[in-house]
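Quick heads-up: structures coming right below.
In the two assemblies presented below, chain A is common to both, partnered first by chain B and then by chain C.
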Partner chain A sequence: MKHKTFFWFFLPTAMAMFLFIALPLVSVVSQSFHVPHDKVLITVENCDPFGCTSQTQIDHTLTQELYEAEPLGQWAGLGIYFDRGHLAITEVGEMWRGSSDLGDFFSTLKNLPFYRAMGFTLTFTFVVTPLVILVGFLIALAVNSLHQRLKGLMIFFSLLPMIVTPLIGSLILFWMIDSRGIIGTGLQVLLENPDLSLKASTGLTWVTLIIYGIWHAAPFAFIVFYAGLQTVPKETLESAMIDGATRFQQIFHVVIPHLVPLVAFVALMQLMDNFRVFEPIIGFHAEAHATSLSWIIYNDLGGETRLLSSAATTSVLTIIGVSILLAPVLVRTWREFNPKG
Partner chain B sequence: MLNKKIAFAIAFAALSSSVWAGCGIDGGRVSIVGNEFPAIQAVGSAAAECAGGGVEVTKNLTADHQKINVQGMTGNPAEYTTAIIANSSIVALMVDDVIRPLDDLVAKHGQDILKHQLVTVDGNIMAVAFMANAQHLVFRADILAQAGLNPPTTYEEMLVAAAIIRDMGLMQNPVGGAYKAGWNIAEEFVNMYIGHGGEFFEPGTAKVSINNQAGVDALHMMKALSHFMNPDYLTHDSNATSAEWKAGNVAIMNMWGSRVGPLKSDEVAAEVASNTDIAGPMTVGGGSIPAATLWWDGWTVAKNISDEDAEATFLAMKHAVRPEMLNDETSLLAVWLIDGYEPTTASRGVVAAAQMGTKPYPMVSYQGLLHSALGAEIIDFMMGKEDAVTALADVEAAYTAAATEKGYL
Partner chain C sequence: MSSSQIKKPLGLQILIYGFVLLWFILAAFPFLWTFWGSFKVELDFFSKADWTNAISGARTQVVYGKAFTGAGYDGAWIQEEFWRAFRNTGIVCFFTVLTSLTIATLGGYALSRSGFRYAFWLLIIALIFRALPPITLVSGYLLPFFQWNIWGILPTTIIVLVAINQPFTLWMLHSFFQKIPKELDESAKVDGCTQFQAFKNVIIPIMWPGVITAGLFSFLLAYNDFAITAMLLSQENQTMVPKINSFMGTTQTEGNVMFAVAAVVSAVVPLFILVMFFQRQLVSGLTAGAVKG
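Moving on to the complex of A and B:
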């Protein structure tokens, strides 16, 4: 393609990328480096239906002047990144000096919101992603070997978990695993433990969220692998059969090597999605036991007082986290497409 | 027949036009944002009567109102001309300076608004309150009678009652409470801390001071109560707690006055509904101030709108909470602060709360930051992962980080 043709062909995409990707990123990053001006506080008399009290309020005229001078707020540099709500440099340093061994250090680290969220997010990501790939692959193999007439129906049913909105799906399961719900009561009877509560224990809540994550994302892996299975060369499979390969050997030596690029694709998407885990935490009301970076952003923005700089900082940290996670897969893809540079 | 229809149409038109004429508005835009519980729905519908003849009334009543009201009032002209808020949520509107003082409009149109309805900040009228709310004791008369107990007046008595009810095998988890991680459990701590006589901040500053004996005692009382609750209590908000009550699993709880009505409705088993009774809030730790907070709900007028729209909004909202809106149905929805409201049986708890000198929820701009910090950090203590002093130190540290970011410290 000529350079000029390419330029005009690519221009709309470039414009869209600039408007919807680059600009918001610039906005988020610049927000994370600024904090609101210091509030000018005064003590005033407030009266309501229950009487009068003197309380501390903001002096708006003085605060307004500060804002007109510097509308973005104060320059904070990396201040928010290093505060207790995020990387907590000072607190981590103190814990490092105060803890006797590594195990002790990590258990005190869980007390800081960012590291608590990372603990769950990383566990979730690295347990759910491989299991989604495995389960999705097994479903694809199973559906592929079905009779032609049953396939359509089975594909539809296998996709259902993905069709259900995550928040609704997790809410339904939340009610079912309640200690008075059908699954919760069922488990109590099965395990003969009337006090068993999936929601009251951190470990069981994590297990629930992880199982939900696999249940929800497996159809995505399934449909990708199922499409891939349709392109497995028949000749190779047949010659493998003639050579006396068992079904397991056929899958291991023919099908899986053929699907490896798809595994990389599914892994990429799943790492990204699982790192941003959010809806199940809300749906399962699990914030007491499990938080994620996305949940922290939501919590900062949803309170009566919005913490915009804090939310922006967590967003930037999420982007950095996703980049680090994806780096190995991206580097690999880059090498495959550019052999010898 | 046709004549009849036409006559009816004319009569109807005349009726509806006389209604908006009754609001005394010449024209303008009224746009309401607020919470969605029944009492607020009634106020919204009453304001909508003013629509017509050049007056436009729209309303957006949703549980997510706090997430949209500031943004919706920041633009110029503002999307919402009025926000219905409570004493905790008005501060967010004042911090961002999006509501206007109402002194001139009250002087012009509001002589008949009761003095105690006017919420003033530094001498300026910022809101008109129309209802009060509080958490107080709700109990099952039949269960307490079987156990030979009187309704508890202190949290210590509540613990004793709970132990007796459990030991007698009447109920496994007799205590209820909206202890969901986040806003709800933080509200319970605020109640309990006030009941122990605690102060949240060093006077005149935004510097937090809750890591003291009152804070530790408050947490220990909450933990003691939680042993008598459904083990899933950290996921139970007011809705889930109400559901537990309706299912007959709970005998005593501290609950919002505005939530009691549905517990006695027809859809609840007769045994539960007819035995559900209320009393004033409880005290704790030998204190005299109830471990509860008083709340008001009221309306405001946006700053970034034309004076015409502001006047229309003021008149429509004043119409919505006028004495004539009280009838047999609406009287039961809330404890109204409106002239002519007669307390009903459903309002006994809130009225008792006011008479006992319950403190209002603090109307301080940084209280919301402390509330969020509490909701996130006292969970570790409730789950037994931390002691009370460490949990309170975490709350203070989380609050300090947030308040520093917002420029309060």
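Moving on to the complex of A and C:
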């Protein structure tokens, strides 16, 4: 294809991505280095027959001028990055000096919002991802050995937890685990603890969110592995059987090696998606016990005061996190498309 | 595979069927339960005293004289005007899918037919964009949108969703077009077609299976989005998902949880129908990236 033809074909999608992904990205990065201007205050003296009162007012013209001169706001450098709401360098330093051992240090670190969110985000990502792969693989193995008709039915119902909007899926489960809901009451009876509430403790909330994460993502792993199972070479399986391999050995030495590339694919997709965990926290009303990086951004942006600079800073930190997590994928895609050099 | 294998021992059979049944219950039961419960009153839906009430609807019978009531739906759709949110979701999804498919088809086709280095770089950039959580971009949107006075309206949100959809759709269509042999459009070009004519006359007639699959996934992305729609739409233009979230704030306190339950069920039904009709395409789309490696 000629350069010129390519240009015209690619122009619309390039414009869309440039204007609404690349430019906002630049804007987010620059916002994270600026704080909004303070309003310019002036003291006015009002004199009337009963005496003079002085009043502090916002000088709108001066404020306006300031905004026009520096529309981005005041240059703050890395100031927002280091403040208490983000990396909290000073506080972390104090905690480091003040704590007796490493465990102590980490438990005080949890009081800082950014590190608290980071803690949950990383725990969620690295617990849910391997479990999703395991559960998805087991479902794929089990469904693959079913009768043909049942397979279709199972695939249909398995798709539901994944397809349904995360917020809605988590709300459905949230109502069920409510202390008056069916699962919540069931657990109370089962554990003989009438006061048990899954929403009350941090530990149980984390467990709930992680189980939700697996429930939501296992179907994806299942479908990918199930498709992979259809292409397992029959000859290899048969020769393994003739050589006397047990069922378990067949799975371990033939099926799993065949699925390894798919495991890598699922793992990377899951790392990417789990790192942005956010809707379940809203759906389960879990923000008192678990927050994530995306949730902090959402929280800063919502409400009356939109803390754009603070949200932008968390955004940049999140993007840095994603890049670290996904560096292996990029390198891999690079090699795949670039076999010569 | 199973036919060529020796018969499984009974214990293993039971284990497999038990596991499949367990997963089936985990996957399907929450939806069936909530669907059934959405036709009850709150005291039945949350029945601490006797869980069978949730099935039989004992309290519902006391209030309405029958075991089912559409009161939740009535409250959500008419009183709380959920139909507005439903309509907005419809508009957003329709235009997002239409626009993103149009421009991604052109772009994906061009990428698959260009042998130059920059096509590879563009794909890498798209992959990086795909990895960004959409919410990290929102603070970059707000200021300009406020300034130009285009915040809160549906077209703005549609354009943003189209852009966020692009990387994924582009990759999907790129790998789909690569599977269509280059010789097809090359021979059309030898016969005197321009590139665009070759695309129009040769590729468009055979591209629909791939385009439909890509369309399903852009639909799901637009339908399921919460981060963008919650931040960029004003109260009266909200789509279903942010609307349900604001229900949770308002109706919970007023004791109208059933409105939210009815709204949730209403939002799941279209997805249910979608899976029913497009199961094959969804499965093929999910595995498309994986099969490539």
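Please note the rule applied: the second predicted complex is superposed on the first by the 287 of 341 C-alpha atoms of A that agree within 3 Å, B and C clash if a C-alpha of one lies under 4 Å from a C-alpha of the other, contacts with A are read in each partner's own complex, and residues count from 1 in each chain.
Convention: a contact is a pair of C-beta atoms (placed from the backbone, for glycine too) under 8 Å apart; a residue touches a chain by one contact, two chains touch by 3 or more.
Note that this is a predicted model, so its numbers are computed, not measured.
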Which partner chains sit in contact with A:E287 here, chain B, chain C, both or neither? Use first/second/both/neither.
first
Given the touch rule stated above, what does A:F105 touch, chain B (first), chain C (second), both, or neither?
neither
In the superposed arrangement, does A:G228 touch chain B (first), chain C (second), both or neither?
second
Looking at the overlay, what does A:I21 touch: chain B (first), chain C (second), both, or neither?
second
Is A:F82 touching the first partner chain B, the second partner chain C, both, or neither of them?
neither
Identify the partner contact of A:S179: answer first if only chain B is touched, second if only chain C is, both if each is, neither if none is.
both
Mind working out whether A:F126 is in touch with chain B, chain C, both or neither, as first, second, both or neither?
neither
Winner by number of chain A residues touched, once chain B and chain C are compared:
C
Do chain B and chain C touch any of the same residues on chain A, and if so, which?
178-180, 285, 301-302, 306
In the complex formed with chain B, which residues of chain A make contact?
35-39, 41-51, 53, 55-58, 60, 64, 74, 76, 80, 83-85, 91, 111, 113, 174, 178-180, 195, 197, 199-200, 202, 284-288, 299, 301-307, 309-310
Complex interface listing, chain B residues touching chain A:
66-67, 70, 87-89, 91-92, 94-95, 97, 116-123, 129, 132, 180-182, 201, 204-206, 230-235, 247, 294, 296, 337, 354, 360, 362-366, 368-369, 371-372, 376, 379-380, 382-383, 386, 390, 394, 397-398, 400-402, 404-408
In the complex, go through chain C and note every residue touching chain A.
1-2, 4-6, 8, 12, 16, 19-20, 23-24, 26-28, 30-31, 33-34, 45-48, 51, 54, 102-104, 106-107, 109-111, 113-116, 119-120, 122-133, 135-144, 159-160, 162-164, 166-167, 170, 194-196, 220, 223-224, 226-227, 230-231, 241, 244-245, 248, 257, 260-261, 264, 267-268, 271-272, 274-276, 279, 282-283, 286-287, 289-291, 293
Residues of chain A touching chain C in their complex?
1-3, 5-6, 9-10, 12-14, 16-17, 19-28, 31, 138-139, 142-146, 150, 152, 154-161, 163-169, 171-173, 175-176, 178-182, 185-186, 215, 219-220, 223-224, 227-229, 232, 234, 237-238, 241, 247, 261-262, 265-266, 269, 272, 275-276, 278-279, 282, 285, 294, 297-298, 300-302, 306, 308, 311-312, 315-316, 318-319, 322-323, 326, 329-330, 333-334, 336-338
